Amino acid sequence: MTHTIREKKKLLARVRRIRGQVEAIERALGSEAGCDQVMHLIAGARGAMAGLMAEVVEEHVRTHLVDTKKYPDALDADATEQLLEVVRTYLK
Amino acid sequence: MTHTIREKKKLLARVRRIRGQVEAIERALGSEAGCDQVMHLIAGARGAMAGLMAEVVEEHVRTHLVDTKKYPDALDADATEQLLEVVRTYLK
Amino acid sequence: MTHTIREKKKLLARVRRIRGQVEAIERALGSEAGCDQVMHLIAGARGAMAGLMAEVVEEHVRTHLVDTKKYPDALDADATEQLLEVVRTYLK
Amino acid sequence: MTHTIREKKKLLARVRRIRGQVEAIERALGSEAGCDQVMHLIAGARGAMAGLMAEVVEEHVRTHLVDTKKYPDALDADATEQLLEVVRTYLK
């Protein structure tokens, strides 16, 4: 990912949080935690993973679909927003 | 949808097939069909709906993200394909 | 579905609403509606379909997993609720 | 999770594999890997997480829905299989 430092930091923070959630699943499986608790932890990690994917897809759309140096005005803002809305709905 | 006649026909055929599937669910619920059969029919209709969405999203990306009359070469083919691959994975 | 009349009516009402939503997609595709509107309609129909599936799965779990005439107390209420919570999360 | 040692080992192996996949995402984000590669890694980790959830749900259904010591024959095998099939379809 060659993008802005700020965006990169945000994504890294997200993925580290997910790593923490996966480690919590591992601990819960290793201990006497109930299925119930394990299912909750997995559902949480899966939601966080979906959020990360939505973020990376958005980054990809805004940065790579069009070479913005060559065509700074080519990407239609409304159509992009409509696309990302669908992506977010399905990645929830 | 203002796109090509051919694309429109394809999408209409898809949505009509989905209507048929929904009507089959309705009949199954009205008859003595088992939950098992009803769940199968719903899973099928849901898969078909996801396929329709993937198709419309692809159409949207290829036709609306960039005004291709004004910028015929602006949309990056590889980046577009990578995006659509993710969309298809999540819409399965 | 051999279940209660009341439950059956509720499910039939749901599936008829979905049929209406699919017909709206068909009309939108046939008219000059934009991709944007079509994507919205599909997302709505898909959500409704997921809700229907969650309802039928719940019915299936409560009615068929255990022969409640023979074993009226065998199905664990808490464990059932935990399962259905996961099902609802994934069917959103 | 109080289940069999063997089942527990299998689940732990799965979650450790997912941890490895999340660490690979972290490394990819930290390096100059493209969005494309990051999206692929996330899609893989998400699929693995869905597989883990399906496994835990199956365990939950088979072990907790019915107190099998008290009611060894109460859980209907066919209805259980039908439920798990739906769960697997939606967790893919």
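Order as written gives the chain letters A, B, C and D; numbering starts at 1 within each chain.
What we mean here is this: contacts are C-beta pairs under 8 Å (C-beta built on N, C-alpha and C of every residue); 3 or more make two chains touch, one makes a residue touch a chain.
Note that this is a predicted model, so its numbers are computed, not measured.
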item: Selected from B-C, C-D or B-D, interface repeating A-C by over half of its contact pairs; value: B-D
item: Selected pair, greater C-beta contact count between A-D and A-B; value: A-D
item: Length of the line joining the C-alpha centres of chain A and chain B, rounded to whole Å; value: 23
item: Chain B and chain D, separation of their C-alpha mean positions in angstrom; value: 28
item: CA centroid of chain A to CA centroid of chain D, Å; value: 20
item: Residue list for chain A, restricted to those that touch at least two other chains; value: 35-36, 39, 43, 53, 57, 60, 64, 79, 82, 86, 90
item: Pairwise touch network: line, ring, star, complete, or other; value: complete
item: Residue numbers on chain A that touch chain C, as the complex places them; value: 35-36, 39, 43, 79, 82, 86, 89-90, 92
item: Residues of chain D touching chain A in the complex; value: 1-2, 8, 11-12, 15-16, 18-19, 22-23, 25-26, 28-30, 32-36, 38-39, 42-43, 45-46, 49-50, 52-53, 56-57, 59-60, 63-64
item: Residue ranges of chain C touching chain D (in the complex, touch as defined); value: 53, 57, 60-61, 64-67, 70-71, 74-76, 79-80, 82-83, 86-87, 90-91
